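Both of the next two complexes hold subunit A, though its partner changes from subunit B to subunit C.
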Partner chain A sequence: MEKKTIESMVGVLDARMNRQLKQYMDICARCAICKDACHQYVATGDMKYLPARRAELLRQIYRKYFTKAGQFMPALYEAREPDENLIDELYESTYACTGCRRCTYFCPFSIDTGWITAVSKGVLIAAGRGNEMLGQLADAALFKADNMDMFDSIIVDGFKDVERELREETGRDVAIPVDVAGADILYVALAGSHSIKPAAVIFDAAGASWTLSKFEAANYGFFFGDPAKAKLIADRFMNEAKRLGVKEVVITECGHAYRVAEMFYEAWAKEKMPFKVRHILEVIDDYIKDGRITVDPKAITQRVTYHDPCQIGRNGGIYEQPRDIVTAIAPDFVDMTPNRETQWCCGGGGGIVAMEEFNTVRLASGGKKVEQIRATGATILACPCENCRLQIEELDKVHDLGLRIVPVMELVAEALVPKK
Partner chain B sequence: MSDMNIDLELDLKGLLCPMPMVKVSQNITNVPVGGIIRAVATDAGSMADIPAWAKSTGNEVLQAEKIDGQFVFLVKRVK
Partner chain C sequence: MDWFSYLTSGIGVYVALVVFTGGMAWRVWQWSRTPRSPVRLALYPKPKTGSARFGKLLVDTFVAPQSFRIAPAVMIAAMLFHLAALAAFFGHLRLVHEFDPLVGWLGEGGMNTFAAWSGGAAGIIMMAAILYWLGRRTFGAFKNLSVPEDYLLLVLLLGIVVMGNHLRFVGGLHADTYRAWFQSLLALNPSFPADMAGRGEIWALDWHMLFVDAFLIYFPFSKLTHAIGAFATNLVRSGE
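Take a look at the complex of A and B:
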């Protein structure tokens, strides 16, 4: 491997090195408790998916360049100069990780493997080994945002189509407001209309002052592992929110997008935003509890269960609002076991659904989630994350679960009682 | 366009964005350079997504049209 490439990789590690990462690099006791926590390791028994092993690959580079012992006695202290073999291993371990952070929950030292893999992605990008597909998707999002004159009319026409479809489906005129200065809410959806329609119906019923972002919430720069690109993608709707002077940015049912906007963006931007960021389910929960919308408590007669997406639940702290919403409209609700902090990842996070090379491990790693869903006897799965839904839809086909997999807000839109 | 030689047909109906773009991207190397993918999607978001992906990756969208409620794309692999 060229000296310049190694210097670049070590430079990334150096730039990301802080007390938190240094502690993670130094502290692992190799107890291997994490092996029983990782859905990928449990499904495959393959060492490359063991959380401690994922971190160990980065630790080997760290010891070589950041510790005296590793510099002078590399064999004894398991320090390693990066070579193609190490990079291949690091690539497989890192981009397969869904970032669910279940291992962190069980680690006695709370070592954050998700944080470590985020740094590993930066090191891989410096080595020219960032995942090509995720890089392409990030670049496409940036291109679209940077060339809005080319796409603006297409996007706005698409919103008009959504209005027409809503009129046909609901028999009512539900507006999709765009570019409304002074609106209370900027709602940031995905590119697909499925993330716009139910929210529009609910906002309309609540009499909310809202406007729809022309930019999408999904952030492949985050999955790719490039914080600079991730920030640029999120800049588009954050700047839109500033320009329109909204009181809050509301992110659609998308796990990583919520986490980017709520938990990372201000640190990346180095400024405090003049608005709140909330997940759409927090907003809907308030609407129901404040009586701004009325829902039929028996609207959904089938048994419903709820999947805690890792980025919204374990990594986002939103557990109760979705359950309160679902139990408000579905009397036969059965929670999965385990749930909340210890729920199993479905296997579809971290952008893995877009990376075909990981299809085998992805589908195998959904086994725990399949067991959990089956045990509930539910026929409807409420799931507020796009990547999780894509994964569970595939698991549903492979394992013949007979599920209807649906965003929570879609169930709410079905359960709305029209105002008299 | 109708007499154009199509190297790969992709049925992306029912897929929600950004998956139509992901599928085109995953399949572009399955056609030779100069080859053409014909993709049919039903999600309106694909009308911006697929051309943006093509522009940013140096490929070419020969056609992006809404026909009978479906979004039809002809994508040429350029490199």
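Take a look at the complex of A and C:
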């Protein structure tokens, strides 16, 4: 491997070094307690998916370039200069990681392998081995932001079409407002009307003052492993929110987008935002509890279960609001076991659904989720994350689960009792 | 003291303590001068109040209940090992000063019997835990995760415990004799007391101390810095 490439990999590791990462690198006991926490290792028994092994690959570089002990006695720590073999294994184990942090939860030292792999992605990018598909998707999002003159009218026309469809479907005068200065809420949806229509119906029923973002919430810069790109992608709707002067940015049912906006963005931007960030289910839960919308408590007659997406559950702290919403409209609710902070990752996070090369491990790693869903006997799965839904839809086909997999807000829209 | 005794049970002890203390201070200083992650790496749920958060940090670090749930055997071994090591540490404080109230209560003979049983039990528990870990590392499905550092630490620990057990189970000397040697260390004039002269316990003590010295010297450069680091990393569950 060329000296210049190694230098730039080490430079990235240096730039991303912080106290937590240093401690993760220094203190892992290699006890392998985390092995049974990871859905990918449990499904495959393959060492490269063992959480501590994923971290160990980065640790070999860290030991070599960042510790005197590793330089003095490299063999003792297996400290090494990166070579093609190391990079190959690092690529496989890093981009496969869904960043679910279930291993972190079970580790006695809370070592955050999801964060470590996020840094490894940066090192891989420096080695010219960033995942191409994720990189292209990130660049496409930035291209759109840079060329809004070209896209603006297409986007607004698209929203008008969705509005027309919605009016036909509901028979009500529901609006999809765009570019409304002074609105209370900037709602950031995903590409596709499925994340716009139910929210529009609910906002309309609640009499909310809202406006729809012209940018989608998904952030492939984050999955790719480039925080600078991830920030630029999030900048698009954050700047829009500032320009419109909204009181809050509400993120649609998308796990990583919520975590980026709520947990990461202010640190990346190095400024306090003049608005709150909330998840759409926090907002809907308030609407129901405050009586701003009325829902039929028996609207959904089939058995419903709920999947905690890792990025809003374990990593975002939203456990109860979605359950409160579902139990308010579906009398036959059965939770999965385990649930909340010990919920199994479905296997579809971290951008893995967009990377075909990981299809085999991705589908195998959904085995635990399939077992969990089957055990509930539910026919409807409420799931507030696009990546989780894509993964579970595929698992549903492969394992013939006969499930209806829906965003929580879609169920709420179905259960809405129209105001008299 | 011959040169080997002087190296292991004399001057070596000072070197080990200086390297251990300085090394740990240097490690903590290194961590503290590295800025914290600017982004929130939170893990939920978190307790709401400050005192509940502090309590959670202690429970997470000293007990790690979630790790017990997923890997009971490893955690039972780890917990027994740490408790036995703590008990052994307290037992060794007899070398600094005799536990007079306990001697007053149990009598000198009773105290020695109590020390023999408790110290012996701690030594056996530690040895069993170390052998379990060695076996798990060497024959477990994930042995490829282990690096030479892991074995070095286990071998050093095994050396300490085996020689300690030898002194406890085979040797015929009690704490008062070793205390005289330890006091000479504290007085910066290491020497063995007259009643140790020519006894077989000397080589066992020297080897025990050789492993102890090496262990303490290596400690700050090893993964064992989790002894302090875990308090910081576990904050992700309980901090802001």
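Keep in mind that, in the parts below, the second predicted complex is superposed on the first by the 420 of 420 C-alpha atoms of A that agree within 3 Å, B and C clash if a C-alpha of one lies under 4 Å from a C-alpha of the other, contacts with A are read in each partner's own complex, and residues count from 1 in each chain.
Please note the rule applied: a contact is a pair of C-beta atoms (placed from the backbone, for glycine too) under 8 Å apart; a residue touches a chain by one contact, two chains touch by 3 or more.
This one's a predicted model, so the numbers in the text were calculated from it and none came from an experiment.
K.L.:
Please tell me, clash or fit, for subunit B and subunit C sharing subunit A in the overlay.
P.N.:
Overlaying the two structures gives subunit B and subunit C room side by side.
K.L.:
Classify the contacts of A:136 with the two partner chains as first (subunit B alone), second (subunit C alone), both, or neither.
P.N.:
first
K.L.:
So in the superposed three-chain picture, is A:28 touching just subunit B, just subunit C, both, or none of them (first/second/both/neither)?
P.N.:
After superposition on chain A, A:28 lies in contact with subunit C alone.
K.L.:
Regarding the shared-chain residue A:112, is it in contact with subunit B (first), subunit C (second), both, or neither?
P.N.:
A:112: touches subunit C, not subunit B.
K.L.:
Should A:218 be classified as contacting the first partner (subunit B), the second (subunit C), both, or neither?
P.N.:
Only subunit B; A:218 stays clear of subunit C.
K.L.:
Contact-wise, after the overlay, does A:151 reach subunit B, subunit C, both or neither (first, second, both, neither)?
P.N.:
First partner only.
K.L.:
Go through the superposed model and pick first if A:268 touches only subunit B, second if only subunit C, both, or neither.
P.N.:
A:268: touches subunit C, not subunit B.
K.L.:
Of the two partners subunit B and subunit C, indicate the one touching more residues belonging to subunit A.
P.N.:
Counting residues of subunit A touched by each partner, the higher count goes to C.
K.L.:
Students often get this wrong, so check: with C-alpha centres, what angle lies at subunit A between subunit B and subunit C, to the nearest 10 degrees?
P.N.:
140
K.L.:
Quick one: minimum Cα-Cα distance, subunit B versus subunit C, in the superposed arrangement, integer Å.
P.N.:
So the smallest C-alpha gap separating subunit B from subunit C comes to 27 Å.
K.L.:
In the complex, go through subunit A and note every residue touching subunit B.
P.N.:
Residues 133, 136-137, 139-144, 147, 150-151, 154-155, 158, 161-162, 190-194, 216, 218, 353-354, 356, 386, 390 of subunit A touch subunit B in their complex.
K.L.:
Where on subunit C is subunit A touching in the complex?
P.N.:
Subunit C residues touching subunit A: 27, 30-32, 34-46, 60, 64, 66-67, 69-71, 74-75, 78, 140-142, 144-150, 152, 221, 223, 225-226, 229-230, 232-234, 236-237.
K.L.:
Using the touch definition from the top, list the residues of subunit B that touch subunit A in their complex.
P.N.:
The touching residues are 16-19, 21-22, 25-26, 43-49, 51-53, 55-57.
K.L.:
Flag every residue of subunit A that touches subunit C in the complex, lowest number first.
P.N.:
Touching subunit C from subunit A are residues 17-24, 26-33, 35-37, 45, 47, 50, 52-53, 56, 67, 69, 75-78, 101, 104-112, 115, 263-264, 267-268, 270, 313-317, 319, 340-342.
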